[in-house]
Amino acid sequence: MESFNVTVQVEVTFRDVDAMGHANNAVYLTWFECGRIGYWKAMRGDDADYVKVPFVLARTEIDFLAPTFTGQRLTVGARVTRLGDRSFNMAYRIAREADGVIVAEGSSVQVMYDYTARRSMPMPDEFRATIVRIDGEELLDPGPAASVRD
Amino acid sequence: MESFNVTVQVEVTFRDVDAMGHANNAVYLTWFECGRIGYWKAMRGDDADYVKVPFVLARTEIDFLAPTFTGQRLTVGARVTRLGDRSFNMAYRIAREADGVIVAEGSSVQVMYDYTARRSMPMPDEFRATIVRIDGEELLDPGPAASVRD
Amino acid sequence: MESFNVTVQVEVTFRDVDAMGHANNAVYLTWFECGRIGYWKAMRGDDADYVKVPFVLARTEIDFLAPTFTGQRLTVGARVTRLGDRSFNMAYRIAREADGVIVAEGSSVQVMYDYTARRSMPMPDEFRATIVRIDGEELLDPGPAASVRD
Amino acid sequence: MESFNVTVQVEVTFRDVDAMGHANNAVYLTWFECGRIGYWKAMRGDDADYVKVPFVLARTEIDFLAPTFTGQRLTVGARVTRLGDRSFNMAYRIAREADGVIVAEGSSVQVMYDYTARRSMPMPDEFRATIVRIDGEELLDPGPAASVRD
């Protein structure tokens, strides 16, 4: 988890588990969301209200690497991996707290969105600068390897 | 919470909240369930698997006393309030960790159940004794005030 | 279900089921909620937005009568059983579509609430009249047997 | 939806919606799961128990194309797009029933799994043949363009 400057803890509840006996696949997106909320708090302070984020989720990917079970404590890492003009990418990693085994990895694309005007918008400079303070200046130079552009 | 010998901590996630902006009513039953799981661990040890409980839920009641919001940490208290021949009652209390304000109270009735034979069953003596060790010998003398009998 | 003038259909999804193999107890509150939404539409028309209801949920009770399984289609009946000055009660019944077996019954208490002023309020006359049109004039004379008053 | 031989209907419930006012991102995975269950029934008959599927979910992707709201009825299409030796891919499309607008597309990778032996296994011939009967013989010749192999 050392590549993640923002991490949050979650615990697998009985309700997260389905008839297969392990946490249902949809729950992993809720855990990624917990990671995004942690990131939003890192940007705006612990009282930050996630309802006010200036973006919408456009895409997400998950690799399920190991099943998880009721009562397990997990660490969710979240970081920004690309800053575009009107969107940005995040990466996630979920690991078991007890032994560090990675149970899932994933990513998402967010599009900057003005909820009042109901349309996408350019990324505000201040938003970009705050993310760079958390995840580093290399985000300002994504280079030729960036696979998703906006 | 001093009347509860078993307590667990939960945190309100963004997914717990509905379009009203506070945690959805159904989530409170999941929190009660977290309390029951904590109680089951108090009975059987931290590795106890809740799937193996020898009872089914027959009834539940909830009083919603205050709304709860994403990020709030809550304490869920769970205790047994009645031991019958073939069933038992539990009471729950949910309070905000920050200021102790009670956000919900409730109760449930569980019927002892043999999942292999697929029918209800008498409460095993050892099950009863374990609960008495946690919540006290007064459970052995419910007295004339017990409102639900089996 | 003949005593219910408002009914809605739901289907048990795989995600509704927990590790016990049947629908999780919390899901029944979501089905009651589907019944309340159906009732709200009966009051206000099919485009009625449930977010705008002028009440909050204060209490709910559920009796679990039979387990339910993925793929089963259920009918949820909802009706108003009491109209108070500042609150009202509802009753629910959930039955399997295939054979009519009742799988759960329950009730709830709603308190009229002004979301703008953030406080409870008296029940508007028009609200009361609309419910009477759906569930009958006997609601205007609850009589001495009403067990919950406000 | 004409490219999907298997479709199921779902309805957005109030509980599916989060504080943003539209269905939460995690719910889309539950809808994809409803599509997989529909596919499993197309393979095995309407009484097929999804708990007995011989595979685990290894990966999933979602593109969120339009928000969805309480009460909307959706059609979920599911089809198999690749048959490997030990895994297979599926594609999903979710459209609004009212106007056909596509609200999400996605895909998943499933790995054949023997739940008794607790390890992955080759795809049984009969499993492969059943899928070919549903989604066509071109699945037997994935050709050089297949992007995920096993």
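We just call them A, B, C and D in the order they show up, numbering each chain from 1.
Basically, contacts are C-beta pairs under 8 Å (C-beta built on N, C-alpha and C of every residue); 3 or more make two chains touch, one makes a residue touch a chain.
Here the structure is a predicted model, which means the values were calculated and not measured.
A.B. asks: If I average the CA coordinates per chain, which chain comes out farthest from subunit B?
C.D. replies: Of all the other chains, the one whose centre lies farthest from subunit B is D.
A.B. asks: Please decide if copies subunit A and subunit B contact each other with the same set of residue positions, more than half shared, or with different positions, and reply same or different.
C.D. replies: same
A.B. asks: Scan A-D, B-D or A-C for the interface that duplicates B-C, counting it as a duplicate when over half of the contact pairs agree by residue number.
C.D. replies: More than half of the contact pairs of B-C reappear in A-D.
A.B. asks: For the chain pairs C-D and A-D, which is connected through the larger number of C-beta pairs in contact?
C.D. replies: A-D is joined by more C-beta pairs in contact.
A.B. asks: So the centre of each chain is just the mean of its C-alpha atoms; given that, what is the distance between subunit A and subunit C in Å?
C.D. replies: From the centre of subunit A to the centre of subunit C is 37 Å.
A.B. asks: Taking the mean of the C-alpha atoms as each chain's centre, how many Å separate subunit C from subunit D?
C.D. replies: So the centre of subunit C lies 33 Å away from the centre of subunit D.
A.B. asks: Roughly how many whole angstrom separate the Cα centroids of subunit A and subunit D?
C.D. replies: About 24 Å, centre to centre.
A.B. asks: Multi-chain contacts only, two chains or more: what residues does subunit A have there?
C.D. replies: As it turns out, subunit A has residues touching two or more other chains at 14-15, 19, 21, 24, 26, 30, 33, 50-51, 70.
A.B. asks: Where on subunit C does subunit B make contact in their complex?
C.D. replies: The touching residues are 19-20, 24-27, 29-30, 33, 50-51, 56-64, 67.
A.B. asks: Looking at the complex, which residues from subunit C come into contact with subunit A?
C.D. replies: Residues of subunit C touching subunit A: 14-15, 17-19, 21, 24, 26, 70.
A.B. asks: Any idea which subunit D residues touch subunit C in the complex?
C.D. replies: Against subunit C, subunit D makes touches at 10, 13-15, 21, 30, 33-34, 37, 46, 49-51, 70-71.
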